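A, B, C and D label the chains in the order they appear, each numbered from 1.
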Amino acid sequence: MPASRFLPHSALQSLLDALTARGYAVIAPQARDGCIVYTETRHADELPWGIRLEQDPGSSRTIKGTHRQAFAWANGPQALKPLVFAPSEPLWRISRQADGYAVKAAETPQRPLAVIGVRACDLAALAIQDRHFLHGPYPDPRYGARREGMLLVAVNCTHPASTCFCASTGDGPEAKTDFDLALTELDDGFVIEAGSAEGEQILAALPLQDARAAQVEAAAAGIRHAAESQTRAIPGRNLRDALMARLEHPRWQEVAQRCLACGNCTMVCPTCFCHAETEQPELDGSGSLHSREWDSCFGERHGYIHGKQLRPEISQRYRQWLTHKLASWHDQFGRSGCVGCGRCIAWCPVGIDITEEAAALLK
Amino acid sequence: MSNRTVNLNVPVLARVEGEGALDLSIANGEIAELRLRIFEPPRLFEKFLEGRSYLEVPDMVARICGICPVAYQISAVQALESVLGIEPTPWIRDMRRLFYCGEWIESHSLHIHLLAAPDFLGFANAIDMAGKYPDIVRRGLKIQEAGNAIISFLGGRSVHPVGVRVGGFWHAPSTAAAAKLLAELEALLPEAEALALWTVSLPLPDETQDFECVSLGHAGEYPITRGSIVSSRGLDIGIAEFDNEFQESHAPHSTALHCHHRGQDYLVGPLARMNLNLDQLPSATRKLLEACGMRFPSFNLFHSIVARALEIHAALVEAIRLLRSYAPTDAPYLEAAPRAGVGFGASEAPRGILWHRYELDGSGSIVSARIVPPTSQNQARIEADLRASLNRFGLDQPEHEIRQHAETVIRNYDPCISCATHFLKLNIKKKA
Amino acid sequence: MKAQRPRIAVHKFASCDGCQLAFLNAGEALLTLAQRVEILHFAEAGWLDPLAKVDIAFVEGSISAPHDIERIRAVRESAKFLVTIGACATAGGLQALRNGVKEAAGWVADIYASPQYIESLPESRPVSAHVKVDLEIWGCPVTIEQVLGATASLLNGVTPVNPGEPVCVECKRRGHACIMVTQNAPCMGPVTRTGCGALCPGVGRACYGCFGPAELPNAVSMAKHFEQAGLDKREVARRFLFITSAAQPFADVGRHYKENE
Amino acid sequence: MNSPHVPQTARIVERIQESDDIFTLRLRFSDAAVQDGYRFAPGQFNMVYLPGAGEVPISLSSDPEEREDFAHTIRAVGRVTRGLAALKPGDEIGMRGPYGRGWPLDEAEGKDVFIITGGLGCAPVVAVIHYVLKRRERFKRLVILQGVKHSHDLIWRASYERWAQATDTQVLIAANSTEALWPWHVGSPIDLVSQAEFDPANAVTMICGPEGMMVAAAKALKARGLNEADIHVSLERNMQCALGLCGHCQLGGHFVCKDGPVFSYPEVKVLLERGGL
């Protein structure tokens, strides 16, 4: 095991520069519009220094903290998902020819991204999405193109929100695999380690110090504390049989009274993969553009077949969401679809809490 | 001169915004009856405003007119800010002017190309005109789109924009968006020059009349978002004094109210503005005016189309100036606690002065609202103009030509009937 | 050749003219459209033949005056496919705020000097209250993309799609910060139909529902949430009784709150 | 090259009107190499693409051994299918596929084949009837049970009458309501399961129809002593991509597009019996 190293806050820019020098567009968190967004970033001082996030069911507030850390918050509404699985994108264009049609696949932009600030829950979600989009019978070329060049700089979570429960799903707060670099933030910098050969090469280009034992211990303690301070938990790692035995539970009706069927939970969920396809004909009749966009099991297209809506009630749509995420996901991916990031709790406008609903259903 | 009797009825006026009709009867070589009849059902807006929060007003009044929603929003927020004691920052003032320039450009270009020009060139509509003058129509549509782009820059969309609020704008657009828009507008400036020169070349009827021009006037700027009320006959009053000088009445044949200045018809709109504020035009537009070889003030109403084209140019120059110095702000709007009071707002809609008055209670609810749009101010003038021009045109002309001429006269004012037919709360004594 | 082009008409009833602008603001696409179709009636743009038989009739505006009823029936008879454009034609529009208001009957008579000349029905109603509608395009105003997209589909011989998903979905696709969650703003996005491109959250303000109810709106829960967020009953009622106050799910909840303030 | 992600163009070589709203399109890929390499099994489907309208999943209805072309039998019900109905021979459309798991025809060899369909002319099973009749020697008895709501919904009536004459073939037809002179059963098709002549110990059943009917049929078959594993059903869900990616066709843990559309009954029994999933 290589000795741990330390990157002072003052040298964080060197990481951005090293990534840029290797041809990456750097994506990092910034505080904007009252939340944390992952966006193209050139300067380390654009990061959310001194910002904290207070998240509760249906509520998220950025507040100025007293500290000077850049990652003293848990997560924003989106992280990796939109970067690999585009919210909307063209698939092909078909154009009318003298005698029929010609189809041309849309190009996928292939700009390698380096993402700084990836959380353990997001890495776990990415692994699921990789499996879904890349390891089935028909690997998705667009996802693949974006994913292939992506470099991941994880930052272990030391400031979970009240909505977080990754400890109970086993996906965080520490990033264990699938990263190129992993950082743990202290008051004056980061304990940093590499998780891949490319990560090692980048480390070599940074002005690092050897981490002192106290720093290494403080980093570990920060992560430990993050796990211990989580107040929410999903009641069990595998709820498949328990939930499938409760498809007629009165709780579905009860939650449907509150649920707006707005789909926000699915949009922010880092593992949800549903999408719909759309067709836009040209007005001049010359052809048509075929695209896809994020869709949700709360929407009308999901359960529609001709002349029939298979899930006309909000209770049925909520049940689809919850049973897919926590039950049938096990059949598809050998694990739960929930990585404990808590996004669906914070970004549900009416604060419906998946951990609470699951617990109520198990009663 | 024949003594024939003509009963001309144009049940739906084409190429005007909203639904109006013209009734004209000629007996013994004289106009016996002439009515510009506005029959759009009243939409009762002022009544709906009562009891709503002042914050809801901009979204509601925008719906009075899809062609000039910006004008409604700006007149309204001004009036409400005056009650609340909000004094807009320079950023907010500049952005309002920019926003409004977009509407002038859009509305004027729409009127010139899609509504008015086909008259002068003998086409039934702009699509037919595009058959012979494709580049002219394309240029017009492009300029119109640029106006819409300016509105969308601040408002999200060009019809019923969502970006305006009492106190300023909901958000400050990004520098990147400003730079993109600026580049588009700069590329369009030569086109706007060419457009103005083209309008001068149109075969416009020669029809000079005597009337009063009324517009806003503001020291140091061509009047768009603010000013006092001035006229070609020496009027100069604050907007709160509107009622002392102007009177609205209900002509039975119309769902719009007519507005008179001390019993006389008067003109608002681009020609009135141009006549009264020539020295406030940007210097580039003044140069263009010289190149056009036109002389303002002009009392030939058909010169309105030239005035519109010059105003497009002026608005474009202004928009470019404002965008060149654009920087986002952290405070795109100001807030104030609601308080009771009465406030007035007036701005220059593309068609002329749009005057608002609101009374608020202490909780910020609207107690009463009154809106005087340009079309009701111009309506008496249109009827007077029609009488004069038709007499001059010759009442013995073939009926279809009289009709065509009458419609040309009306369209030239760019009357907006949607604006004209909302509910106006007035204390009118009913005739027994 | 020319005779084979599909024929269209654009009719106007009580409205602000803003939805017709989806055609007039379309720029180059307007010229493209004019090549693909034959326009027979579109008063604002210069075509006058209201009774002409057409393949597609677009209708803007609500039915709010007695003569409107005859006119909309004639439009229906003359058209193979009738499309309403905008909140007025689809849901009665903002002017439907007078519906069900007792005093409204007196408003006209009180104010106009000669009310006998003002023709107005007591309620402003959607086109579908009077005749069969083949496609309803929501929005106040509708967008160019919606109207020309639907037109392109129809010219292609295909019924246009009419998405009913909530604004939230599009808001998230665009990566906007949810202002309900970050600012406690009373946003109508969860129960409002998409189509605008999530404009309001995009400029940091609450959606005010101008595209009408979504496919499966839980307006009751939304209203309760607004109350919890600090709105009083009158304010809650006004959220629902605004641009599409006559659309059923909004009307029901809005009236309930108005009556129970 | 035939990519699963992008449609290939295919030309309509023949259009047959089967009934008022059902038609068959015979198609050939415009690219000869694609047509040459194209293989499918009965029960599989294509994403049929009408440019300007969109794609819909449609089963292949032709015999897999006819290599010159392939066919889809389509009912015009909505946006895309009505648009497809308006096409003429010579027109081009787009095509992606084939996708999914087809009927277990190998497994059925040497056994009785019992086909149950509900609703209007279930194209994928009709293809199986043709398949079996053409290779009669490979199979034992053939029982065809068709249920329709109303007698006038029965399409291919002449075919049923013809099949009923074939050796070792039994045709059972039921309609819930009928016109006069209806020679077959009035009532539910499930009633007829008891009349079917087959050997429950050596039979394969293939069912296609509304989910409620399939559940009821499976129950009746079990009552006849048929092993659940010998019952196969074809399911329908909304499909956007057909690649197992878009998520719309999920039924429990299954992606109907790639794990199905044909399932053995035990795989989906619990989910189907529950409904609303």
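What we mean here is this: a contact is a pair of C-beta atoms (placed from the backbone, for glycine too) under 8 Å apart; a residue touches a chain by one contact, two chains touch by 3 or more.
Predicted, not measured: the structure shown is a model, and the values here were computed from it.
Asks: I need the common contact partners of subunit A and subunit D, sorted by label.
Replies: C
Asks: Just to check the components: without subunit D, which chains are still in contact with one another, directly or through others?
Replies: Drop subunit D and the rest stays one piece.
Asks: Looking at contacts between chains, which pair has the highest count of C-beta pairs?
Replies: Chains B-C share more contact pairs than any other pair.
Asks: Centre-to-centre on C-alpha atoms, which chain is most distant from subunit A?
Replies: Chain B.
Asks: Averaging over Cα atoms per chain, report the distance between subunit A and subunit C in Å.
Replies: 37
Asks: Could you tell me the distance, in whole angstrom, between the mean C-alpha positions of subunit C and subunit D?
Replies: Distance between chain centres: 42 Å.
Asks: As a quick test, compute the distance in whole Å between the mean CA positions of subunit B and subunit C.
Replies: It comes to 25 Å between the two C-alpha centres.
Asks: If you average the CA atoms of subunit B and of subunit D, how far apart do the two points sit, in angstrom?
Replies: Spacing between the chain centres: roughly 64 Å.
Asks: Please set out, as single numbers or ranges, the residues of subunit B touching at least two other chains.
Replies: none
Asks: What parts of subunit A, by residue number, touch at least two of the other chains?
Replies: Residues 278, 281, 288, 295, 301 of subunit A each touch two or more of the other chains.
Asks: Can you tell me which residues of subunit C touch two or more of the remaining chains?
Replies: Subunit C, residues with two or more chain partners: 152-153, 156, 158, 161, 204.
Asks: Quick one: do these chains touch in a line, a ring, a star, all-to-all (complete), or other?
Replies: The chain contacts form none of line, ring, star or complete graph.
Asks: Pull out all the chain pairs that touch, please.
Replies: So the chains that touch one another pair up as A-C, A-D, B-C, C-D.
Asks: Which positions of subunit D touch subunit C when the two form their complex?
Replies: Residues of subunit D touching subunit C: 50, 52-53, 78-80, 82-83, 86.
Asks: Using the touch definition up top, name the residues of subunit C that touch subunit B in the complex.
Replies: 12, 14-21, 24-25, 27-28, 30-31, 34, 39, 43-48, 50, 64-65, 68, 93-95, 97-98, 104, 107-108, 111-114, 116-121, 140-141, 143, 196, 199-200, 202-205, 208, 210, 235, 238, 242-243
Asks: Inside the complex, what are the residues of subunit A that reach subunit C?
Replies: 32-35, 37, 58-62, 77-78, 82, 87-88, 256-264, 267-268, 278, 280-285, 288, 293-296, 299-301, 312, 314, 317, 346-347, 349-350
Asks: In the complex, go through subunit D and note every residue touching subunit A.
Replies: 3-9, 11, 30, 49, 51-55, 77-78, 81, 91-94, 236-238, 240-241, 243-248, 250, 252-255, 258, 270, 274, 276-277
Asks: Provide the residue numbers of subunit B that touch subunit C in the complex, in ascending order.
Replies: Touch residues, subunit B against subunit C: 12-19, 39-45, 47-48, 52-53, 56, 59-60, 63-67, 69, 106, 110, 114-115, 118, 124-127, 130, 134, 137-138, 141-142, 144-145, 148, 156-160, 162-163, 165, 169-171, 249-250, 252-255, 416, 418, 423-426, 428-431.
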